[in-house]
Amino acid sequence: MGRVTPKEKTTAVLLFSCKDRIGLVSRLTQLVYEDGGNILDLNEHVDPVEQMFSIRIAWEMSSSSKEPSELGDIFKPLAEEVNATGEVHFLEEKTRTAIFVSKYDHALQEILWRQKMNEFPVDIALVVSNHMDLKDLAAHHDIPFHYHPKTKETRLEQEQNELALLKEYDIDTIVLARYMQILSPVFVQEYQNKIINIHHSFLPAFVGSNPYKQAFQRGVKIIGATSHYVTDDLDEGPIIAQDVIRISHKDTLKDLIRKGRDLERLVLVRALRTHLEHRVLVHGRKTIVFE
Amino acid sequence: MGRVTPKEKTTAVLLFSCKDRIGLVSRLTQLVYEDGGNILDLNEHVDPVEQMFSIRIAWEMSSSSKEPSELGDIFKPLAEEVNATGEVHFLEEKTRTAIFVSKYDHALQEILWRQKMNEFPVDIALVVSNHMDLKDLAAHHDIPFHYHPKTKETRLEQEQNELALLKEYDIDTIVLARYMQILSPVFVQEYQNKIINIHHSFLPAFVGSNPYKQAFQRGVKIIGATSHYVTDDLDEGPIIAQDVIRISHKDTLKDLIRKGRDLERLVLVRALRTHLEHRVLVHGRKTIVFE
Amino acid sequence: MGRVTPKEKTTAVLLFSCKDRIGLVSRLTQLVYEDGGNILDLNEHVDPVEQMFSIRIAWEMSSSSKEPSELGDIFKPLAEEVNATGEVHFLEEKTRTAIFVSKYDHALQEILWRQKMNEFPVDIALVVSNHMDLKDLAAHHDIPFHYHPKTKETRLEQEQNELALLKEYDIDTIVLARYMQILSPVFVQEYQNKIINIHHSFLPAFVGSNPYKQAFQRGVKIIGATSHYVTDDLDEGPIIAQDVIRISHKDTLKDLIRKGRDLERLVLVRALRTHLEHRVLVHGRKTIVFE
Amino acid sequence: MGRVTPKEKTTAVLLFSCKDRIGLVSRLTQLVYEDGGNILDLNEHVDPVEQMFSIRIAWEMSSSSKEPSELGDIFKPLAEEVNATGEVHFLEEKTRTAIFVSKYDHALQEILWRQKMNEFPVDIALVVSNHMDLKDLAAHHDIPFHYHPKTKETRLEQEQNELALLKEYDIDTIVLARYMQILSPVFVQEYQNKIINIHHSFLPAFVGSNPYKQAFQRGVKIIGATSHYVTDDLDEGPIIAQDVIRISHKDTLKDLIRKGRDLERLVLVRALRTHLEHRVLVHGRKTIVFE
């Protein structure tokens, strides 16, 4: 579990999930306690339909006898016994993240500004784009910018270049910040529940392209934005965050795009924050977000 | 235009719509002025795409030389000249309204309570249902309750009975307050833009039946409700009002239904209020709501 | 802890709070586990400023060896050791509740309707009022109605009658559903963190009387409602729930009152639900609400 | 009325306000019509308490016989007759605006980004600050930055320098984008209803300094931000826009500040947009915002 380095990791987070059974919270918290950990925040959820157990435990681990890189080991025997998936992270560890963009700057701007404000533990290590428009913005923040134009013919080959690049940069998480290209199943497979997209509608309303135009033509009174993990089914991935804004007959398509930009920015960073703070568990098509 | 009776009508409302051209506001307000009317509230909108002109004028008409029933006449020549649709109403006139229900009481309860509080100018003259469940509730409010069960075979015939009943009761507006039957095109044709439905989802997401179940299974983070005029296309009518509420992984299907009930009630009465105050104009699939 | 009766109690809830120390979650969940309990929902919070530990554990206890009335005993030794306050409740147990009203019916109506829908475990056992207006409403729901008019001179004496009445009816929780009287410290003392009020403003804005008029005169663009536990300081008690609604220059004072009614109803029942589901802990002036 | 230059002004806006009387809309729209104007958007409001008439008319004036700079003349006789205040503006004309800041960058960043996106007709001509922190940000956008430190002793003198500077730069509107200094009555007098402030609370709750700390200590469940015109009474000016965000017991003071930043940015730019589009009329302590 969890890739960690030894210095200044003091707040550990466990995400742990398995079929529900009696005694799990007790045993997990006992393991934390025996290692000297003081629990700061704990959220547990049992899905009453699926009988799935999910937990997030955050604890102060500075008195631990373990090296951070070995902290996950204390949960391994239990995880194996109950056939659980589990990860240990540290809130002080910045997740290495790549941002994929096309031409719009607002979502990238927002993430970069949040990074500067230290709003969440992120290390924006790379910007990839199929257009040159945002090269200067990346440069202004001293972030490597890679131009990867794509055509129908070159798409799959380009993706191989991108996968190599992501490996080179040791990227853990990818954010599609209004990236106007569909990723192939091969690519998605490599970053399961690690690619966060922002779709500019209140999913499942207005899937596909031009959702604002669809919304305008339908005459809805509220528009939305949805951030989700990317899966092979376009716009069908597990939803992490959504929000909406009121519109009226006075709003033109241009107004919808303008109002939507604010939503997109805020919903994407909200989803990104919960991801970076290790608050999200994925079960099938759905997420559990321990806020 | 506008069905009116002579006493105590003092606040007139004009809804007027046509292809945009220069001078319309000036001419309409001149007509009001010449008749001694003092404008209290005016909203005008020109659709920049369709070049459609829409206006709502509310004015104090107690100094008018006209009988209320003839007030609409002053706009007729202009309406004919510019090929406009127009209606004159009075805010003091209560719209005779029928509520169609099935088994759920919450939307009906809410409307009855609002009527009692005089929150909008409505006269609930009739309750029609395909079930007996809400007979007592109607009786408690001294409102005639008509039981019209429907099967596939009897549906169209029942609708004819209902149309006769609506005529008998002089009904202007119909509210489908969680009525679990689809109305036939013949029926809808008789009450164009006069039948208000509440759909328990954020349309166009989750059309059709069981929207809460669909929402639960999709794992959305927000659910909604939509009130719209009924057209021949199910869930496709012009939207009058929408609202949403936040949900989380903790919410079971039962919780969605409970939270949704609050939305349904509030969205339906909001739509009903704007309709009863003559604030809604329909253009094709869309509404203009002068709030 | 917790008053319980033996039959059909299966979902137990522990609320437990003390100065934070290492190992508390582990020990508490161990106690649940040893008694055969299966944890369904657990929320823990450590206040980083005050170093206060708070937890809510909900568990399935049908395999417990204990009688429900004795279930609380298993936490007593630990509670004494760490100087904690703790309560055990059962989600199936309906809290005996009295509603205090004056003339407005909307908040009472709403609570009665929720009770009928089984939205939360409540037993409305008594309505007390300083006016006769809502006697019929209580009667319609077969709830005893007690008329307790109050003047400056009779207030304290009346409160003694009320306290006797509350005891007689075995009342646990009191809801002030737009009750237009201030309760004396003597009365409040008897029902600490058991009296829930709804104030018709976004506290601490517009304390005292006529908050809608204050809001109207100040020209705010949003109005609110606040539900809180009653303390000796008027409008200063720990806040349980708040919500707001947008207004504009078009809204008259009457519109504010109308819009506010919807808020008051919904905020009060939200607060009441969290209270009845034993989700609220009070620390000083503030609440922890485990939603 | 209205400072205008001759080229490319095609959408005119009239803001007009006086004691209500019969015929005003008719006469105003007649004047627009006679000058060849085609009305695109009209909002009228009569305050039922104060009997004040307010109107905003937006019209296409390219067929006007008037120079833009003389367009206001057509309303002058009527304005004088009815003792009205009135202004004519052009939506294509960018308002010369100065931003006053201290150390926080978020509000300034947001406004600059909106300007770049052409979201509203603004010309940020000047940044003034009592600190050097944001000099580079202004420079990056090629905007003159003036450092005006203030002490108790130098404050009034500095303000005189600022007033001279504002005149030199031909500034119409001033935005206090988290500017941590109080302006003197002398200064405010020069820019009546032209200085827009953002206060980081839901006014009138938490006036004065450290509103987030006050909110944290009070234990509110929602925090807000308020944008208002600056008057001599601190935090008492006419409110233009407000919004709120939900918080919980989990949010630390640091979280409130972080969440509040998003509110502050969005509420300030919403207020600024309505101001720049000439949608705001001030009556005493209150605003009419024609949205």
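So that you can tell them apart, the chains are marked A, B, C and D in the order they are listed, and the count of residues begins at 1 in each.
In this text, contacts are C-beta pairs under 8 Å (C-beta built on N, C-alpha and C of every residue); 3 or more make two chains touch, one makes a residue touch a chain.
No experiment lies behind these values; they were computed from the predicted model shown.
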Co-neighbours of chain A and chain B resolve to C, D
Relative to chain D, the most remote chain by C-alpha centroid is chain C
Check: interface with higher C-beta contact count, C-D vs A-C, is C-D
Taking each chain's centre as the mean of its CA atoms, chain A sits from chain C at a distance in Å of 37
Averaging C-alpha coordinates per chain, one finds the centres of chain C and chain D separated by a number of Å equal to 42
Where chain C touches two or more other chains at once, the residues are 41, 45, 48, 250, 291
Contact graph of the chains (line, ring, star, complete, other): complete
Residue set of chain B touching chain D in the complex reads 20-26, 29-30, 32-33, 36-46, 48
Chain B residues touching chain C in their complex are 41, 106, 109, 113, 117, 119, 140, 250, 258, 261-262, 266, 291
Counting only contacts in the complex, chain A reaches chain B at residues 45, 47-49, 202-206, 217-222, 224, 238-244, 248-250, 252, 285-289, 291
